[in-house]
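So the structure is just underneath, and the comments pick up after that.
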C-alpha cells in the first residue's frame, strides 16, 4: 500500500506536530518548575521544616507567613514541600541514574559480546524483573534499616533489569545497521564501535527512559516513605508527609492534599516530558503511533 | 440484478482527508464480466481509488462522487449495509498476503467464515465448500491445509487463500491490488493464471491494479492510466498500448524494460520519465504532468485538460501524434 | 508446544532457585547478627550466642538454606523466633485479605482498561480520545496511596457510605468484609486501570492499522466486528504480556493500599516483622510472594503460547 501511506503521513504530520509540542512544553514547564523549587530550597526556606512550633499548630492555608498552613506540630507546609522536592530528586534521579549506568553497561555487553553473555544477562534481568520492587525494598529495609541510601539502592535493584532490556534491544537494533558492518570492515574494535556508534545512536532512548524512570522513582520513593521504610527525618518526603497527615490529623485535612498534588504534578510533568522527548528523538516510534 | 447494468459505474470520484486530495474526479465504468486495468506510479491514487470503492479508506479519509454497483450508490452506504456486500457482491485481493491474513486464525476458518457470513451455510457445509474452493485454487492437500496458520504456508499459497476468500461468494466485481507484487517471480505467473481462470469461471468483473503493464496487456480489455489522482488516459488495452495519446502513457510504455530493448552487448537503453511525481499537497496548476512533459505549453500550465475522444480518451492538450513519434524512432 | 512448555518450566524453576538464594543471602549475610540486634547494645556475647543457637542461626549458611528450602517443600515455612507461631498459619489468615484485594484490584483494572483503552484507540485524533489519553496520563501520576486517601475522604468521611479503614473478618460478616474491601479495591483498580489503558490503547491502535483487520472488513465484517473479533483477539497478545509485567506493580500497590486502609493483610505482617527482625518470617513470606509472581509469569508465557500459533510452533 505504498500509495496510501504517503498521503496518510503527510496528512497526519501537521496535527501530530502540535500534539508533540503540547506534551513537551507542558512537561518541560512542570519539570523546570520542580527543579527550580528544589534549587531555591537550598538558599531560602520560609522556616525550618523540622522544628516544631507549638504556637503555630494546624494553621489553615493562605496565611502570609504560612502559605499552605502548618502541620500538627506547627511546621510550615511550604518549607516541607520544598525540602521534599530535594528528596524526590535525590532518590528518584539517584536510583534512575545508577540503574541507567548499570543497565547501559549490562545491556551493551548483552548486545555485543556474544550469545553466552546475552543469555546470562537477559535471564538474570528476567529473574530480577519478577521480584516485585516493593519486596526488594522491604527486604533491604529489613537488613540495612531504612533511609535515603537504602531507598536509592532499592530503586536501583528495581529499575536496572528494565534498563538492561531496553538498552539491549536498542543497541541490537543499531548493531544490525549497515554502517556498523562497514565500521567492522575498517577493523574497528568492539569498544570503539560501542562508544563511537552505538551509544550516540541510543542516547535518545537513554534520555527518554531516564525521564520516565525518574518519575517512577519519585512515585516509588513516595510509596516507601509513606510505608515508613523510605527516607526518615530530618530528610522530608512527600510520601512521609502524607503518612504523618493520616496518622496525626486524619485524612480529611488539607494536609493530605498538598503533598499528593505535588507528586501528581511532578510525575505528570516528567512523564509528559518523556513522551514528548520520545516523539522528538525517536522518529521510528513516532511513525508507528501516528 | 439487471443483466445490462454495469458491474460498477464510478462517477466523479474524489478521495481526500481535508488536507490533501489523493483522487481528483475519477470516472469509469466496468461492464458485467469486464476487465479493466488501472496503472500508475506509487502515489498516483490507484490504491486509494480501490479502497474508496470498497469503503475501506483509512481513518480520516472521505469519498465524494458516486459509485453505482448492484443498484446502490456505495458512497452512501452505511458501514453495516456495506459490510453485507463486501465479500459477496464486491471483493478485493490485497498486495501482501502475509500481513493481510489474520495470524491467529487457521486459513480454513478464515475462508469458511466468509462463506458462512454471506450464504448462511452451516459450519459443516461451509467447511465442505472451503475444501472444494481450495482444491479449485490448486492448493495441495486441502483437507490438511485448512488447519494451517498463515505463517506455516508459502507466499503463493497464502495469496491463493486470499483469492479463495475474495471469490468464495461469486462477487460481481473483484478488485485486485498488486496481487503478485509481494510474490516470487516464479510464483507470480501461476497465481495470475489461477486468478484469471477463477474470475472467468465466475463471470465476475475485474479491476486489476498494478504498475506492471504486461499483466494488464495479458488480463484486461480496457486500461486506465492514473497520474496525480486523475485518469489521464483510458481506452481499449490494445489501442492505448499501441498508440498512446498522452505523453505520460507514452513515457510509461517507453520505460518498460523488455527483451527487445535490452541489448545484450551492454548498450542497453533504459528510458525513464524525467522528474518526479509531484507531491499531492503541491500539485502544479493546469495539467499535473506539465513539468515533466516534453510537449508542455503555456496552456498546459494553466488549464487542466479533461478526458476527450471516442474509444480511446486522453486528457491532453497536445496528444502524441503516434504516426510521427513512431516514425521518429 | 511441549518444548516451549518445558523451556518455560525450566526458567520457572531456575528463577525460583536464584530468587531463593538471593533472598536468603540478603537476609542472612547482609542482615548482620540478628540476635545481637534483637538483644540490643548491652547484651553479653554469651547471651547473643545462646539466642543465635536457639534460633538455629549459628549453623553454616548452606545447611540453614537447605533446611529452609526442604521444609518449604513440605509446607513448613518455619516459625517466628519470639512467638513460635508457624509462619504458614500466620500467612494463611492474612491471605484471606490480600488475595481478594489484589485479584479484584487487577480484575477491576482490566475491566476498566480494556473497553476504555479500545474506545480511546478508536477515537484517536478526536477530542474524546485526547481527553481519555490525558486522564490516563494523570492517573498514572497519582500515587496509589493518595488515590486511596482521596476516595476514603469522599466515600468514607464526606458521604459516609463505606468504612475509611479497618477490617471485618469473613467469618464475622462477609458483607462487612466486602464493605471494607470496596474502597481499597477501587483505589487499586483505578490506578492499575490508568496504567493499563495506555498499553491497551497502543496495542489496539497497533492492531487496528494491520492489514488483516482491513481484510476482515473486506470480506464482510463491520468496523465493530473487525475490531472485536479480529483486533482484540490479536491485541490480547501484548495485553497479556503487560498484565504479567504488571503483577509486580500490583503487589506493590496491594502492600501500600493495605496500609492506607489498615487492613490486616500480608504487608502489615511483613512490615511488623521487618521492624522486629523476624528473619524467618520475612524470608518465607517474601519467598512466597516471589514464587507467586514467577508462577503468574509462567502462566502468562503458557497463555501466550496458546494465544499465538507463531510462538507455539516456533519453539
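Each chain carries a letter (A, B and C) given by its place in the written order, and its residues are counted from 1.
Everything below uses one rule, namely that a contact is a pair of C-beta atoms (placed from the backbone, for glycine too) under 8 Å apart; a residue touches a chain by one contact, two chains touch by 3 or more.
Predicted model, so just to flag it, every value in this text is computed and none were measured.
Contact tally for B-C versus A-C: the pair with more C-beta pairs in contact is A-C. Centroid distances from chain C, each centroid being the mean of CA atoms, peak for B. For this pair, chain B with chain C, the centres built from the Cα atoms lie 53 Å apart. In terms of their C-alpha centroids, the spacing between chain A and chain C amounts to 21 Å. Contact of a single residue of chain A with at least two other chains is seen at positions 1. Taken residue by residue, chain B touches two or more other chains at 60, whereas all remaining positions touch fewer. Residues of chain C in contact with two or more other chains: 125, 211.
Per the touch definition, chain C reaches chain B in the complex via residues 124-125, 210-212, 214-223, 225, 230, 233-234, 307-310, 313. Contact residues of chain B toward chain C in the complex are 54, 56, 59-60, 79-80, 83-84, 86-88, 91-92, 94, 96, 99-104, 113-114, 117-118, 149, 151-152, 162, 165-166. Residues 11, 14-15, 18-19, 22-23, 26-27, 30-32, 125, 137-138, 140-146, 149-150, 152-153, 157-158, 164, 202, 205-206, 211, 245, 247-249, 251-252, 255-256, 259-260, 267, 270-271, 273-274, 277, 279, 282, 286, 289-290, 293-294, 297 of chain C are the ones touching chain A in the complex. Within the complex formed with chain C, the chain A residues making contact are 1, 15, 123-124, 126-127, 129-135, 138-144, 215, 219-220, 222-223, 226-229, 239, 242, 246, 251-252, 256, 259-260, 263-265, 267-268, 271-272, 275, 288-289.
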